[in-house]
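In order of appearance the chains are A, B, C and D, and numbering begins at 1 in each one.
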Amino acid sequence: MRLSRDFRGTLVIAVCGLAFTLFAPEVLEFFTIITLSQVIGLAILALSLALVWGFGGILCFGQTAFFGLGAYAYAVTATNIGGSTGAILMAILVAAAFAAILGYFIFYGRVSDVYLAIITLTVALILYSLTRRTSGPEYKIGNALLGGFNGTAAPPLNLPGDAGTVLFPEDTFYVAMIALILAYVFCCWLVRTHFGRVCIAIRENETRAELLAYDIRLYKLGIFIIGAALAGLGGVFFCVGVSRVTPDVFSLSQAAVAIIWVIVGGRGTLIGPILATFALHYLTASLGSQALLNANLVLGTVLIVFVLLVPKGVVPSIIDLADIRRQRRVARSRERRLRLRRTRNGNETAGVGK
Amino acid sequence: MDLVVSLALQILYGIANLALISLGLAIIFGMMRVINLAHGEFLMLGGYTVVIATNNGVNIWIAMLVLAPLVVGVIGVVVERLLIRWLYGRMIDTLLATWGLSLLIIGLVTSIFGASTATTISPPLGVITIGSYTSSGYEMFLIVVTVLLLVAVYATLKLTTLGLVARGTMQNAEMSSALGVSTSRIYMITFGLGAAVTGLAGGLLAPITGILPTIGAVYIAKAFITVISGGMAILAGTATASALLGGVNGIVAFLTGPTLGEVALLVTAIILLRLMPRGITGTLFRKSL
Amino acid sequence: MQLKRRQFLASASAAALASPAIIGRAVAADGIKFVSILDQSNGLDIYGKPMVETTRMAVDEINAAGGLLGRPIDLKVYDPQSSIQLYTQFATQAAAGDRADVVHAGITSASREAIRPTFSRFRVLYFYNVLYEGGVCDINNFCTGSTPAQTVEKLVPYTMNKWGKKVYIIAADYNYGQITAQWVQKYVRDNGGDPVATEFFPLDVTNFGPTIKKIQQAQPDMVMSALVGGAHVSFYRQYAAAGMNASIPIASTTFGVGNEHKLISAEEGNGMICAYSYFEEVDNATNKAFVQRFRDRLGDDAPALNELAARAYEGAYIWAEAVRQAGTTERMAVIEALRSGVYYDGPSGRVQIEPKTNHANQNVYLAELKDQSFQILETYENQPPTDTLLVCDLVADPNQSTFKFENGLKAAGIDI
Amino acid sequence: MNRAEIVLETRNLSMHFGGVRAVDRVDFSLSENELRCLIGPNGAGKSTFFKCLTGQLRPTAGDVLIRDVDVTGREPHEIGALGVGIKTQVPNVFEGLTTEENIWISARRWHRSSRARTLTTETIERLQLGDVRSEPVGRLAHGQRQWVELGMVVAAEPWLVLLDEPAAGMTHEETVRTAELIREINRTATLIVVEHDMQFIRMISRRVTLFHEGGILMEDTMEAISADARARQVYLGHRA
């Protein structure tokens, strides 16, 4: 198997990420570092969708449901217990548990395709409506007032076991970056395990996977829950970066941009959607700092041009380009081999098809 | 008793409203498998057409019934030729492209007309009195128009070549494209038609809704959920899903409040899709249009 | 926790001093940095765009008159595109990157609460110029908009006198709507009336049919609306379509700040009564000149002016006045100047900072809508923010930096 | 037939679609180590019958028993988990994965990683797919794809194998090779093969079941069926 070569790429990317983590605070401005934590949270969301959709073949339009639940679970838990470590675990747990229930409902009901997309989106929209409804004083979990439309404050991260020591923004950036890198390496590892390969096989052909005695419902549920847990983790860093969580995390546009990061980055890759998140966020933010053009006008044009010119997404297109060059090389060497064999066959006059 | 009649009419209007905002989307999705995320903006454009036209002295009926579908239909054809036709069979890519389109339209309208545009129109047709209750005559008119529109689309599907291809596509998308039906032209007309129906809906809603460049976002999710819940059959799907979801929404909203009304609509859609994983017409009324 | 926070602040400023930013600061010495963060695209642009225009106008005027302390004002405008996340980002950028001397920012309370801690942390003076539910108590944050006690207190008795004592309340389902509805209920009861029902609407509801039926069933004397945003404009249209505006009149504390009165026709809106601390039609010389300058500036594209737009303009001027009095842009000196009773006689009349709350004493106007413009009925001068005063005293304790939903509720006399 | 040897049995099995009785009250049994062919004209119900056995369809009535266990209405993966290898009529492969990965996925279902790898290599050699080992299956020729699918069935080392038209669309040479392979599989497993191609059936079969109008018309050797007047009418009548 080609495991080792594939994984080398992963490690190279991880090392690049680590290098960025170490040098970014030296090179970038302080406010950029502070801002990056929230973008990293979004990147983890994109990664989770890249896993669930790109590898599991599950078009989860409402991946933001888990992202938002993670963010809310973190904010509420951290406000109540005063520390962030338990709250992070809680966020992951809540997102995963919710996905387990929803996934059971969906996959064991054999809902798939665009119908699945709409169910998950609808779930996110229900959470959007419900959280926006919580502006009354009666919506209080422990000490945390949910705050409806205005949302609720998300406490900063602190040292594990020492709730009094709040992390500096640089440290939060380090923690978020390392979480992103670990999540990325984890996903790369996961898709190469037996479990991951079966998920890919299911994406390719459900019937065949079933006939090979794999319970596809279980595998889909599994990757769905893992994706949700990751999205929940992303929600934590996002709300810590923003210092607040509002119902907007469940909105239609948030759900749509998550899908768009994956399309732009390329389905079937894990690094593509992460890079796309950073790039598109940078674009959006730049548009907000200028007064010449309407932000939507530019963003819309970029997306349209993109889908027409780079339909497969950035990373797969780059891989394709590299592949074409490699194939030319391979073709040349194969031709040489064939020529060799033909001369040998000519000598032996052996049977062909056998 | 007056309340019951009046409320029944109100719920009927809620259903018609849902069907009206969903029908154009159902045509485009059902026949072309294109997920049009710019659907809300098509509705908005219909409304804007009416506002701009009436501000310039055009009769409101002409603006609503003629100009709105015409303008948005032409925009639809242009969009199909320039953008959508490159993306057939790539359902997911249409998602990205039409999302981009929706942002572009919002951006364009905002850049041209500003964040809001003053209007002078108000709903024609006065008030209907039922006992001690009053209802809007215009809303009753919209119920009638919605029914007529459904009938017109039914006739188109049943009696024209376009309809024949449409039914073929609905039953077996691969087959009809494999048969090499001149899909290009048919698709262009279909998309234009879907856009025109959407524009008409947007125009008709103009006198009773707020019209802003960003208002499309309010409709898109609801229209989508209705269409998908309905399943593949354009008319039966839209009609049954609108009736179910609109009915639930109206009743719950009256009994409890608007938030729970919205939530009830969404929950109904989820339960429905769990019980009928291919939408209503994927399980019932399979042979219908 | 306390120690660490101080360390962080020290490290933040140390980083600033140690980095190349020190050069940036030297260059910027001749311009005063004024940053504005307001939504100019997506849903909230109906509020944000006019505010940005008047902010630009104020800064241009001050610069044309020779600037402040002999220095020009550099205005930097960000568009957070109705996204809380971009608010936080631009606030950080304004504070740590642009090293702003003052930031005027935020439309929704959600956005204000997302960025307020950032400005406290980086010690950057922060103005919020929007009418809101009240309850912010923060030495670093000046809230110049009107709060429910200022407007509702006048609007409710006036309209009840005029129309009757049974009031049906409808409001947007978020904090502003919830708290405003509480205030309305309180004042209706205080004036011997009956708040028959209160209903809240998600911001994206467009079909108000069921509610209109309920209003018909309840037969109130009037409807009090605190609906917000583009989707909710539909209510007024459907209400008129059902013929209701002829029989049961509407009063509102929100209608018009997004220029909604231009989005519905004359016959749909006529007769509605609203209360704000500013209307374009306010009758004084300063306002007439202000409106004229605004029209000259933007020509036919000029949007209608409302409290938000006027207060963004006046907010800039109050700050400028305080800087003049302090003789410096240094934050604490400007804050002290502001709290020493600085006032500005602007288009809306006198706006003066109230030192216990950092809110504003301001005029309140009652007006009736006629043919898409407001006609002033009553003027109440120099109204204090009595709601926030109930829960906030920065004179006694200047170290406060809170906004709690509870503050607003407590202000409304509701215990939780 | 000895009762203990029966590995697969249907009792009164029926599958109706609306008013159409695609399979109607079929009693069928299969003994250990048999290689049984199901034949019949189009629409005779053999494919529907096959799908009822594999769990792809839930029968309207009747039972399916595998080694005396009632498996009626179970999911395909549950049938597969009993050690049943299944190949469907339409080639069902993982198009985007390589030949090697396709077969590995099957082997890995039953074995630990190292054994699965050995088994994969063995299977690839056995099916002579070495040249296309690293090609995505989507790019292979039709016959090769059929073999990849057969490879997946074989790699799972099933004791009961159900094949639906394994030689469809193959060249003569490929068909011969496939027949060889099926006889080889039969050394360790019991088989049911649904097939159209009479020549192919002659190459492999011992006992044949002839389906007609949703039921079993007769069950005998190929020679006997070829000689039978009714059978010939069914086929000729259909062909005409």
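Rule of thumb we're sticking to: a contact is a pair of C-beta atoms (placed from the backbone, for glycine too) under 8 Å apart; a residue touches a chain by one contact, two chains touch by 3 or more.
Note that the structure is a prediction, hence the values are computed from the model and not measured.
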TODO: Please list the single chain whose C-alpha centre lies closest to the global protein C-alpha centre.
DONE: A
Open item on the list: Roughly how far is subunit A from subunit C, centre to centre by C-alpha average, rounded to an integer in Å?
Closed with: 38
Task: Whole-Å gap between the CA centroids of subunit B and subunit C - done: 37
- [ ] Mind checking the centre-to-centre distance between subunit C and subunit D? Centres are C-alpha means, answer in whole Å.
- [x] 74
Open item on the list: Based only on mean CA positions, could you tell me how far subunit B sits from subunit D in angstrom?
Closed with: 48
- [ ] Quick one: which residues in subunit D touch 2 or more of the other chains?
- [x] none
Task: In subunit B, residues with contacts to at least two other chains - done: 106-107, 110, 217, 259, 262
Open item on the list: Using the touch definition from the top, which residues of subunit A touch two or more other chains?
Closed with: 129, 132-133, 294-296
- [ ] State which pairs of chains touch, listing all of them.
- [x] A-B, A-C, A-D, B-C
Open item on the list: Can you tell me which positions in subunit B touch subunit A when the two form their complex?
Closed with: 35, 37, 83, 86-87, 90-93, 95-97, 99-108, 110-111, 217, 220-221, 224-225, 228-229, 259, 262-263, 266-267, 269-270, 273-275, 277-279
Open item on the list: Residue numbers of subunit B touching subunit C in their complex, please.
Closed with: 3, 6-7, 10, 13-14, 17, 106-107, 110, 114-123, 126-127, 132-139, 207-212, 214-215, 217-219, 250, 253-254, 257-259, 261-262
TODO: Show which residues of subunit C lie in contact with subunit A when the two form their complex.
DONE: 1, 4-5, 8, 11-12, 15-16, 19, 21, 40-42, 77-81, 83-86, 88-90, 92-93, 95-97, 108-110, 113-114, 117-118, 173-175, 177-178, 200, 202-203, 404-406, 409, 414, 416
Task: Residues on subunit D engaged by subunit A in the complex (per definition of touch) - done: 54, 56, 75-81, 86-88, 92-97, 100-102, 104-106, 108-109, 113, 117, 134, 149, 152, 156, 173, 177
Task: Footprint of subunit C on subunit A - complex, ascending - done: 29-32, 34-35, 38, 129, 132-133, 135-137, 145, 147-151, 153, 164-166, 168-169, 238, 241-244, 246, 248, 284-285, 287-289, 291, 294-296
